[in-house]
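In order of appearance the chains are A, B, C, D, E and F, and numbering begins at 1 in each one.
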Amino acid sequence: MNEEKPKLIVDGKRLDGRSFDELRPIKIEAGILKRADGSCYIEMGKNKIVAAVYGPREVHPKHLQDPSKAVIRYRYNMAPFSVEERKRPGPDRRSIEISKVSKEALEPVIMKELFPRSGIDIFVEVLQADAGTRTACLNAASVALIDAGVAMRGIVTAVAVAKVDGQLVLDPMKEEDNYGEADVPFAFLIRSGKIESITLLQMDGRMTAEELKKALELAKKGAMEIYAVQRDAIMRKYRSEEEVE
Amino acid sequence: MSEDILLDIKRDYVLSRLRDGERIDGRRFDEYRPIEIHTNVISKAEGSALVKIGNTQVVVGIKLQPGEPFADTPDRGVLITNAELVPLASPTFEPGPPDENSVELARVVDRGIRESEAIDLTKLCIEEGSKVWIVFIDIHALDDDGNLMDASALAAIAALLTTTVPAERFGVGEDFPLPVRDLPVSVTSLIVNDHILIDPSRDEVSVGQYFMTITTDQDDNIVAMQKSGSYLLSEEKFYELIDVSIARAREIRQLLKDV
Amino acid sequence: MNEEKPKLIVDGKRLDGRSFDELRPIKIEAGILKRADGSCYIEMGKNKIVAAVYGPREVHPKHLQDPSKAVIRYRYNMAPFSVEERKRPGPDRRSIEISKVSKEALEPVIMKELFPRSGIDIFVEVLQADAGTRTACLNAASVALIDAGVAMRGIVTAVAVAKVDGQLVLDPMKEEDNYGEADVPFAFLIRSGKIESITLLQMDGRMTAEELKKALELAKKGAMEIYAVQRDAIMRKYRSEEEVE
Amino acid sequence: MSEDILLDIKRDYVLSRLRDGERIDGRRFDEYRPIEIHTNVISKAEGSALVKIGNTQVVVGIKLQPGEPFADTPDRGVLITNAELVPLASPTFEPGPPDENSVELARVVDRGIRESEAIDLTKLCIEEGSKVWIVFIDIHALDDDGNLMDASALAAIAALLTTTVPAERFGVGEDFPLPVRDLPVSVTSLIVNDHILIDPSRDEVSVGQYFMTITTDQDDNIVAMQKSGSYLLSEEKFYELIDVSIARAREIRQLLKDV
Amino acid sequence: MNEEKPKLIVDGKRLDGRSFDELRPIKIEAGILKRADGSCYIEMGKNKIVAAVYGPREVHPKHLQDPSKAVIRYRYNMAPFSVEERKRPGPDRRSIEISKVSKEALEPVIMKELFPRSGIDIFVEVLQADAGTRTACLNAASVALIDAGVAMRGIVTAVAVAKVDGQLVLDPMKEEDNYGEADVPFAFLIRSGKIESITLLQMDGRMTAEELKKALELAKKGAMEIYAVQRDAIMRKYRSEEEVE
Amino acid sequence: MSEDILLDIKRDYVLSRLRDGERIDGRRFDEYRPIEIHTNVISKAEGSALVKIGNTQVVVGIKLQPGEPFADTPDRGVLITNAELVPLASPTFEPGPPDENSVELARVVDRGIRESEAIDLTKLCIEEGSKVWIVFIDIHALDDDGNLMDASALAAIAALLTTTVPAERFGVGEDFPLPVRDLPVSVTSLIVNDHILIDPSRDEVSVGQYFMTITTDQDDNIVAMQKSGSYLLSEEKFYELIDVSIARAREIRQLLKDV
């Protein structure tokens, strides 16, 4: 929508030199906080994000308890210094919506029925934002849930696909998000190493039905790569714990 | 307590009828309830529409006033969409600031209008860099019998179609019709078991809030999507949803042509 | 108080051609909402208002319950687009005061003691405002209460009287409200077709004691006419239900 | 629980005395408790007054500062009235934003001042259309032993009478006394059974909050009224209230003449 | 920090003629409110402050109760007209902090364990502010607590010391607070007429360790004088009650 | 309930070790846990630092933007310090507006910076009276294992030391390093029985929140103090606290020299 749109694809490469189906560099570390029951730090491009999980624990006030299953909370929050123009602290409409769809992406994967009357709280702090914070946060939250020992039906892995200069690209960074024609964040449930279903799906921009189907394929490819990094982070944490024992 | 039991009974009924391949109100799976669009219902607003889908009723009013543009789009009007799920419309709505449901409703409607570029915001500049038209889309729910989303989106675009920019009142030229150049239409489905139920009624939602909203423009492009609700969506269903949403949107768009 | 005050009475008639003791056109329809237990739509001049009643129903949280009677809530709310200059959503001081006096106008008429521990909620949305919204809202709320089957000692009927250009006029419209010398909204309890007492009474402006007494007589005349329309709306609703059965 | 019982006992006592034609503190039905008006109690304020009616105590402070006029009255000052029912003043007051009682209190006091045109707002224009005096009337309850309304209204007008417009401090000319040209006085009654109890004390209010406030100007015009409380008011009582309120206001207005 | 700093000490005297170790005029009256269980009015220089105590009383909602002791609340609040530029009503960050440290100054002195499950609320309203409102408020709150009959381990007495023009001065007034180099508010527990310990201590500005120690001595001297006035106010109240009986 | 029991056990353990003259983690009474300072961790911020004291972790980010000066200091920049005790950092932190603990944390950190005049605010004037730099210090807690106060204060000054004023981005000249001319350091102690425990860990705080924070500048002046917690402090302990805080601050200041 903005006029001074720069060219985003030059000589078949993206501005940061990536090919269309290439992820940004990604780094995941599990178990980085002491107080939280589970935690994870992720860097995905220039995004820097910390996720923490508390619970299963008691729910206050009591009337919010569910006698048949755990109550899940998800809070997406941006640090005031995480973006170019200082963000006022506290939730805005954007983070309220992201928190809602992110909670709904994780909820069907968590075995809530194992923890009646209890609460599982997932808090995600964006310390530095580039583009794709909601998907990066979900990737970190998934690992933090596993680090906390919360029983899950699988792992949730998320990535966005954008359309820029008419081309579908995986894992868009800031410029591609700002000036692109469309952005489609996906999250998937991966079980036994295979993508089983979609847990988050939003879209804004303009795409044909055909393009959307291609976008899904591209996202699935990216998700499998991220999944490997998530898995690796969990294994490292698990091994370091074994060493201690 | 009795409310919970009632809900259980409803859910069982919906599910048992689904097993027989039927919806509780006899509709086809891809069929909307009757749709009514009444425009210019609020003369104090610059544009307005009352939309009924079955018993669900929503009013949208459009107000315009001059204000400051965003720094990065100094020559464009500004679009602000707000939804009030007032407690009059449902026993589950509470007074107070917008909760996550009304925020989501407003943002999904907003995205449909914004991403289809339905309003030509470049025509809403009064003085570059300092004064542009602010377009307020205010969604006011009256009766929530299911699928407020589509009713709101439809009322929003219908209200915009009838909006006059009140330039004279603010001493900035002559009134002119708001430039609307696309007709985004949202189609919301409920995904339950292996079925896609278009335009779910409130009783059907007793099975769970497993929604998918797909908004398309007049060229059948998808301009906005929102999976809403804690559920797992298969790829196959996703593809089906795209196709059925495009088809239904085309029909609803015909109704808008008469506005 | 405003200087560019127009002449409000010309040739013994009001700006909209009404005589001094004439109501604006009024239209009432009961039972227009599905979800609410009772509802009503009213047009009174250019006012367009929807009222809904929920209850008697459970009160949450429990400590707000009254073991001896129903708790009444009344929420007067204006849609952002109901007035010339967009109103910010949410309650302002004016609507908080109107909600309070309107609740107090209905409360002594509702048989609260029949519904211990329960709540009766009255929600009124002003979709388009002219003048006299608080009285029009009460007229709609009364009908919605009856539509909901809430036991009442009678019906509440409300109307304002203004003083404009030195003359008392019934049911003022916007210009008369803005530029008039005084505004007196009344609500009455009507039982067995007769006005029994005053349930709402406010006033701002300037009137002598004598004028106030005349204003009351004028309001009573207007109220009886509105009462007939309320009654008619209830009868129509009742008949249409009978036909269905 | 014991509080409720205490309240019941008080109510029974008030009612039984009323049956004998008496008020519990021996006052006539149309008699005020002793009234004290102390002005200039807060030197940081542009005007101030502490009013006591019996044990009820209220401070009102007036602050003025330049600000923008309303669009439709570009040459007039702006009046803003605010009431804080701070928890210090009563065990029933809670900290937090103004509730319906403090909003009503502020608005009824405001109406008395505004509608009597007690302040000549046309004299509070600094620069037409851009800069006028904003007059803040801040009501601060100290001790609520009944009838905060009349104490607040009286403290407000008394404080205004002693107010100096601080033009020098803001570099817009010389200080001058706030132009006050009327003396609105509120009279609040409690209506119980067939009686009108002027200036109800807190113990008397144990029978119920059945208030009527009538504010009059120095020419005995009624300038504001407020029925407050869930009760039915007969026409006869309404007429009586007008007459007694005018009479009492005249007497209280005498006290203001000495300020 | 401000540039147009006036000379604050002229000929060995302070701007208001006081010597370095001299308090401002102080006036205390106990039991001035009817509704509160205990109350106190204080004038300390140009400060005018009213304190009220409610309790021990029931705590709502119940989950805020402490089964082993009373819960103490302290609310410091400034009237909008108490300062030169009108203060917006409601708590700001400054008053939230003052309320916290003041509560903590009184809490160890109140015999909380005597009143399990109950609440003791201390409300202090600053009607006119000069400098040293937090210390003046504590002096009033102490007397109000005793007036309310709340069991205490002693009395809390508070006073500030400032450094102005290089000189330590007792009980600074506004100009000394604005233009001084440092401000140190103290509160002490006084028992059996002797200062036992420090209950409030804050500081901002710049002082050497040596100066701080001297500031403490100066504060103790001032506190003993204020204590005498507090004591006197309590005795007067007690006597007037005896006379009534 | 089990939480309470756990807390009791911890407290008993801390106290019993104290009786033997020992801290539970074997530290000397005046010894800090290991301190790490990482600067420039957030490239979107004008300056930033992550500080770890033991397991406690805090990030501070500095943002600058042009804005209006205060009326009484028209030629100086403005400093705003804000602390978010986000629920990620501790099971006891709740989402919502800042509570008294985060307000106190922000204000004590702010006082150390402000009163030591660490930032030369006179160099942050863009246009006297109308435009100065606003410096936002945002404290973001990550892991609260005790003594967030010192970690926050240290991260704040470390972040300031690495801050560049983004003049170019706002079109008001060339970028320049934020002028920092002092190194205020906070030292927080826990006072329990007759002991002073420097840099209390969270387990140690199970005995009660009996804190004293003393902030000193590079000349050993005290620039800020805060007794925090409901306890009685003796004069002797106060004197001891001053001495030990000055000594520890000197050592920590050395770490800042390497930033």
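We take it that a contact is a pair of C-beta atoms (placed from the backbone, for glycine too) under 8 Å apart; a residue touches a chain by one contact, two chains touch by 3 or more.
Everything numeric here is computed off the predicted structure, so don't read it as measured data.
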Subject >> Both-way neighbours, i.e. chains that touch chain C and touch chain B >> reply: none
Original post:
What chains touch chain C and also chain F?
Top reply: none
**OP:** Among the listed pairs A-F, A-B or E-F, choose the one whose interface is a repeat of B-C, with over half of the contact pairs the same by residue number.
**Re:** A-F
Original post:
Of all chains present, which has the mean Cα position farthest from that of chain E?
Top reply: B
Original post:
Based on the averaged CA atom positions, which chain is farthest from chain C?
Top reply: F
Original post:
Centre to centre, by mean C-alpha position, how many angstrom separate chain C and chain D?
Top reply: 27
**OP:** Averaging only over C-alpha atoms, locate the centres of chain B and chain E and give their separation in whole Å.
**Re:** 58
Subject >> Between chain C and chain A, distance of the C-alpha-averaged centres to the nearest whole Å >> reply: 51
Subject >> In chain F, residues with contacts to at least two other chains >> reply: 98
Original post:
What are the residues of chain E that contact at least two other chains?
Top reply: none
**OP:** In the complex, go through chain E and note every residue touching chain D.
**Re:** 33-36, 46, 48, 50-52, 54, 57, 75, 77, 79-86, 89-91, 121, 123-125, 127-129
Subject >> In the complex, chain D residues that touch chain E >> reply: 41-45, 48, 55, 57, 59, 61-63, 65, 82, 84, 86-91, 95, 97-98, 136, 138, 140, 142-145, 202
Original post:
Hey, which residues of chain B end up touching chain A in the complex?
Top reply: 72-73, 76, 98, 100, 103-104, 106-107, 111, 114-117, 121, 212, 217, 220-235, 238-239, 242-243, 246
Original post:
What residues on chain C touch chain D, complex-wise?
Top reply: 1-2, 93-94, 96-97, 99-101, 103-104, 107-109, 182, 184, 189, 196-209, 212-213, 216
